[in-house]
């Protein structure tokens, strides 16, 4: 299994766990939790696929993703008392997922010749909008809009991606750097508890 | 008019009524009620059509659906004081709609060669996600996620569909059995007031 | 620059400003505000493009829209203390946007041979559903459903469009009349503080 596949799986798992835990806090029943786990995990990629017209959306054609999320969901339910102790591991995978999914979105945009701003928007949507749907379904204003340097990491990472591309570096190096920048900004923000300013 | 067309119409009507009544409880104005009636009725099928890329979505091409929902809406408004007495009739049609729409979703999935898990997900989305959009627009956590054996009936029905298919029974019998299983589970759950367990 | 391009730009700007201001009232951070500005501005057209299968959605292919919204957003943030004074100008452009976007939606429907009811629905969605997504993300029941003659203006304008078409008037005149009718109804409703009746 190659490097990027592992990160992809790690990100999917982290997002599924985060969705399940958010649902438990809202006292959803088992089915509600399962839906939230799916939506958090594949929601961003689904919106991206719809916006660019890559239909049927990918996860419908790939039952390994469905299986992965379902298993993660079951394990999260069974082990939920132990997951809090995994907090740091989770944040780490969540950040990796953020980086990886941003990169995926950008690459999907490039594959259909979108320009830079559209690619960065697609990357950010891929990485962040699963969480936006999760929060909206749970009847909350998306955390993303209020408290965290999350999307900002994606946007900065995306800008760096195109900056590095100008330098004609090898693709693998650009990809890796982009992910590392996003993960770095995100982990730093969590550690230092940094938020974006409000207006008003 | 054949059997399945009647069920389809019955389900559409039941869903449109349920949307209108939910909107009245939230004090929407006339236009808001109309939108909620539409969304509850065709929301699930719309999401399914988008996910599989069957665009334009079907109801845009079929003004008889638009007419049916509009008429149902007007009648619901005019007769709303009498509809509570129809409670059992409504639950019955709503359950039939649930069964029929699940079957439709599964068949759409099979038509583009999706595998079993994706087909069952499509069936459940077709049957249940109109209600999810309704509740989200009305600023509530979807009932589906908290209180009812609703989606569970769809999932169990979907599993039975593929089980029966293994037995090489005639298609009509499989279709009918699937609908009956879903209707049966749903009506039983309503009658016995059964819910899914919560985690937490 | 021709007449309709100017109205289109005016409408996009007015919708972006209205989204930003709504977000400020909800204390979103900078990124949240930017997303709400985008969603309010292009949400309706995005849903329309998805429903009719015109993918990738248009704004992904047109970075001038992205740039326009981003600049409007930055100016709104910088000048927010002065924008309240612009209240009437804003309402005017917002109404123009409403008229223009309704017309756009109707024309997109006609371009793929949809019938009258579907075209009017598409027009209304194009004009109004950016605001619906905005309110849903901000965790409120869409204003559209509760307080305002907004969608009604679009529906009446749409009906007039097809009525005028029967009279075989020149296209430019029909287009202009439709926009004027919608703007007129909307401005009158704002001035007289007219709402739709509730049922209940």
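To keep things simple, chains are lettered A, B and C as they appear, and every chain counts its residues starting from 1.
We take it that a residue touches a chain if its C-beta (ideal position, glycine included) is under 8 Å from a C-beta of that chain, and two chains touch if they have at least 3 such contacts.
Treat the numbers as computed from the prediction; the structure is a model and nothing was measured.
> Between the chains shown, work out who touches whom and classify the graph as line, ring, star, complete or other.
Shape of the chain contacts: complete, all pairs touching.
> Enter the angle, 0 to 180° in steps of 5, of the rotation superposing CA atoms of chain B on those of chain C.
Fitting chain B to chain C on C-alpha atoms yields 120 degrees.
> What is the distance in Å between the mean C-alpha positions of chain A and chain C?
31
> Among the residues of chain C, which are close enough to touch at least two other chains?
50, 53, 55, 136, 139
> In the complex formed with chain B, which residues of chain A make contact?
Listed in rising order, the residues are 23-33, 35-36, 46, 50, 53, 55-57, 60-61, 63, 66-67, 77, 80, 136-139.
> Residues of chain A touching chain C in their complex?
So the residues of chain A in touch with chain C come to 50-53, 55, 109, 112, 114-118, 121-122, 132, 136, 139-142, 144-147, 151-152, 155, 195-200.
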